[in-house]
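What follows is a set of structures for review.
Heads up, the next two complexes both have chain A, just with different partners, chain B and then chain C.
Let's turn to the complex of A and B:
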């Protein structure tokens, strides 16, 4: 019995499932990395994902094509990002309050609109994003099954991870973005407004979280919207951001780890209750956060031993 | 000093009223956009809450839930720890207290109900101890840990209600055994959810308010929340105070779960709480963590919520408009300072520009 469990856990299906459940979290985490670098604690990603999921389906329903859905998501992503920045950057409100309120607002708005437009709490069967078939990849035995025939955004995410990494670490904009979070006054002295970088980060976050939602509703679930379908993914993404110290590549790896545990839960359903395995990613998040904090404290202690004069 | 305090109170009240009015206006726009008549919808909303005694009982019961959860949140934020995990503490308190009632079936209610209340408080308190400990000893952000613990608790309760503590009736998918009717809290208005639990709630509310506002312990809590270093060096054991506060906050949430089981549902199922703690937390935020304001606003939002449910039945408007209005109020209240400052700086900038222009014109002449 133990052998069959192991076999099903480490099968190609598991890793494919890992990729699927990791992608929305990873996309949102990329967005969260932007706001994190800009020094904004963004709790509101869950709501941003939910908005993306809903407006993706709405656009696809209204115009009959998934591309229109994506266009709508991009538009709404910018609007949500601007909205978030208006309160957090312009009005200097408490980030936590605005984030929490944004989550509840998104839940209320999407449920309200879904009920008044579709007449029910959800909708399905709208035009969805295509899956991508890469010819020749099937020839590779294990990887072929894992990597081929996935929804479009799974491949797009790889490009976006690379782009985000290059943006943050290799362009002047990324440099300014990081400075706006770490030393805003220094950046201001250099003649660049940290507020503008924060606005940019919020908009990018709104866009990427919107795409995460669009992947969820238009890609993974083939044109389906259900109430509260973000299902705390925004919080998991936030945990990934914290864990990776907002490095996009590491955040993607963290999201993959979550996907892996999620996939294992599905595989083990026959042996233990899925309610119990569902808790694994959340327990891991807590353990990860404790680990990150303890590690950074230890580093601080070591560095202070070496360079006492560097302490501020 | 007193005068300034009073002025701030009036300022708060003014911005609250303005926020509420604006939120209703935005809600009306959304209703219009969705093709509903806002005046009829709002009429149905007010009518829904007061149309009959049953609805009045329902909103009183909901006000009790909001008030207790809101105060639980205030208790944490007073000492600078944000308990977002009340939902999980509430659910676990509910399922454990229910099972205690099932296990002790046959004993006197005088024994069973205190035992169940104690079990609910211990469960909720212990579940809040973990994030409190992590916050104080390891400095892990409590917001994230409590959010994660919420989801874990919800899954755990679901597991218990489907597995080991499942109802013997096969048609009940995820519910525990029903309590014996003699353990139920007496219903005060027939047909409504209002039960004698509200008496206990009033006592708890009074005690919480009294401790926070009228005792030296309450003062120490305030000090710890506002300036932990100062509090620490004044000889307050801040770490212990923070942990005690979040544990009591968790215990209150657990007790709310027990009230919901023994007063309304009489068994555990997931409908025991539909994100009720988050609505209580919202109330606490809008009230700026002031206990008296929390009590007042609980009634307001309870009327809105029950009214919105009545509105859905009578006018066919989805009740989620309630969530939209509520969050718009938060947005305005949280941004109040920023909005006023940017309005003022905008006016100053305009005046300065006008001055410059006038000077230039004078020079030209």
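Let's turn to the complex of A and C:
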């Protein structure tokens, strides 16, 4: 009995699903990391993902190619990022309200456009992103089946995680980006506008969340859009951002963990109630947040031991 | 001064807007359709809308309002609907509060689809469906079409109505196995969402991992993902509520039809011609009345199910109607 559970829970399918489920969350979390570093609490990622999912399908439907869908997603990602920054950075509105508004707006807009263009039946079967076959990888027994023949964006995400990490920690732009969130006045003294960095962060976030949505509708699914298909992935991504202190690599690991528990939750339904397995992501979120609180309190204790003049 | 006039005019316009459409158009029935989630599922909710649309097209009713609750706010939306219409059709088992709201609007005729009030209410017609009977047939077909001896079902959530499908499905599959002196395994899981095809796909792939090669989707728009998984991995799927064959005729072998639209159409038509005898009761739309059955798609579509199997399905339909086969239910 126990052995069959282990076998079904730790099959190649589980890890395949882990990768697939983690990817949209991870892409959105990369975007969230940008705004987080710039000192913007971005609760609007869910709406950004939904926009990406819709416009990816729309582009693919209109121009008959997934590449056109991605181009449309990138365009819309920039527009959504600019829209977000306009209110949050330029007009200094409450970012929580704007984020919530963005989510509601995205749900309404995509549902409205989907029905106007595709009718209530929605759309599916539009040109989708290709899967990638890496020759020779199949030779590795278990790992080969898990890592090979996945949707393009699963591999792209690895590159983007690396790129985001390098950008944030190894380039001057990343340094300014972080400064714009932590010490904006210092950055201004150095002659660089923190507002500009916040605009940049918003645009990057719009782009990355758009790609997350595109992966959902064009990568994981075959050009299918369903209303409200983001299904709170943006909030899970937000949890990953907070947990990882906006470190792209850690955020990706956190997303993988969510994906993993999603996958085993589904497979554990044979043994425990689905109502319980359904709570797993939320329990993990709570555990993660407890960790975050404990971590920050420990840091406070440490810093209070230091001499006042040593404190920055 | 100008501003004040403008404000007055605007206020007047707003006041006029407050009057519901029904107060202005006096003749004929107005129907408000309130669905628990959103349209676009190509099955349950869309079927109800199609039924009301047909009422409007045929001139039985004069106005049609639709309200989508998007998963919450059910109670408030019921009141909004009742303010604007003579007949309110609530589609979804979630509208429990009809028990308190309906008596507040004694002049409004209510129809509750997919569930029933605990006590009969004078102005509420409950329509429930014998989905267990239709699912029995779906299970029978799935078992017959399966090569692996494992069939699956993806449910929207662990709720009574969904489980009613699953119970019938399992029984139908076992019925086939007994008749052919073999064994069949029925596996199922729940997506816990009705709007996320990506999750539906994962659910189907997980069942496919367990060997299921025919999978029944009972999850609204989430079920689109089941069809995609079927196309990708090359197994069969069974549609739900509407005849979904057209979505992908190569993998959807048949659909368990629950004619929500037709039942609404018939109930409201009866009301329009002055017959409100059904109100205050629970009407079980079942196989014998033709509201539950199996759809094989439109004429000319690709057929995977052999004619002999369709014949035995027809025989079992007769047996269920005559009561020779009693299908289990969760109700």
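Keep in mind that, in the parts below, the second predicted complex is superposed on the first by the 303 of 312 C-alpha atoms of A that agree within 3 Å, B and C clash if a C-alpha of one lies under 4 Å from a C-alpha of the other, contacts with A are read in each partner's own complex, and residues count from 1 in each chain.
Following the convention adopted for this analysis, contacts are C-beta pairs under 8 Å (C-beta built on N, C-alpha and C of every residue); 3 or more make two chains touch, one makes a residue touch a chain.
All values reported here derive from a predicted model rather than from experimental measurement.
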Joint occupancy of chain A by chain B and chain C, clash or fit: clash
Return first, second, both or neither, reflecting whether A:293 touches chain B, chain C, both chains, or no partner chain. first
Just chain B (first), just chain C (second), both, or neither: which does A:208 touch? neither
Tell me which partner A:266 touches in the superposition: chain B (first), chain C (second), both or neither. second
Taking the superposition as given, does A:27 touch the first partner, chain B, the second, chain C, both, or neither? neither
When the two structures are overlaid on chain A, which partner does A:11 contact: first (chain B), second (chain C), both, or neither? second
Touching partner for A:222 - first (chain B), second (chain C), both, neither: second
Of the two partner chains, chain B (first) and chain C (second), which one does A:278 touch, if any: first, second, both, or neither? both
Determine, under the contact definition given at the top, whether A:111 touches first (chain B), second (chain C), both, or neither. both
Per the contact definition in the header, classify A:240: touching chain B only (first), chain C only (second), both, or neither. neither
Which segment, 27-35, 99-107, 225-233 or 243-251, is the chain C region that clashes with chain B in the superposed model? 99-107
Set of chain A residues, in rising order, touched by both chain B and chain C: 107, 111, 115, 273, 275, 278
In the complex, the residues of chain A that touch chain C are 8, 11, 13, 16-17, 20-21, 24, 107, 111, 114-115, 120-122, 124-125, 216, 220-222, 224, 226-229, 231, 262-263, 266-267, 269-270, 273-275, 278
What does chain C use to touch chain A in their complex? 38-40, 42, 46, 49, 70, 157-158, 187, 189-190, 192-193, 195-199, 201-203, 205-206, 209-210, 221-222, 224-225, 228, 231-232, 247-248
Can you check the complex and tell me which residues of chain B touch chain A? 30, 34-36, 82, 84, 134, 138-141, 143-145, 147-149, 151-152, 155-156, 158-159, 162-163, 278, 281-282, 285, 317-318, 320-324, 326-328, 330-331, 334-335, 337-339, 341-342
Which positions of chain A touch chain B when the two form their complex? 43, 87, 90-94, 96-98, 100-102, 104-105, 107-109, 111-113, 115-117, 232, 235, 238-239, 242, 273, 275-276, 278-279, 282-283, 285-286, 289-290, 293-294, 297
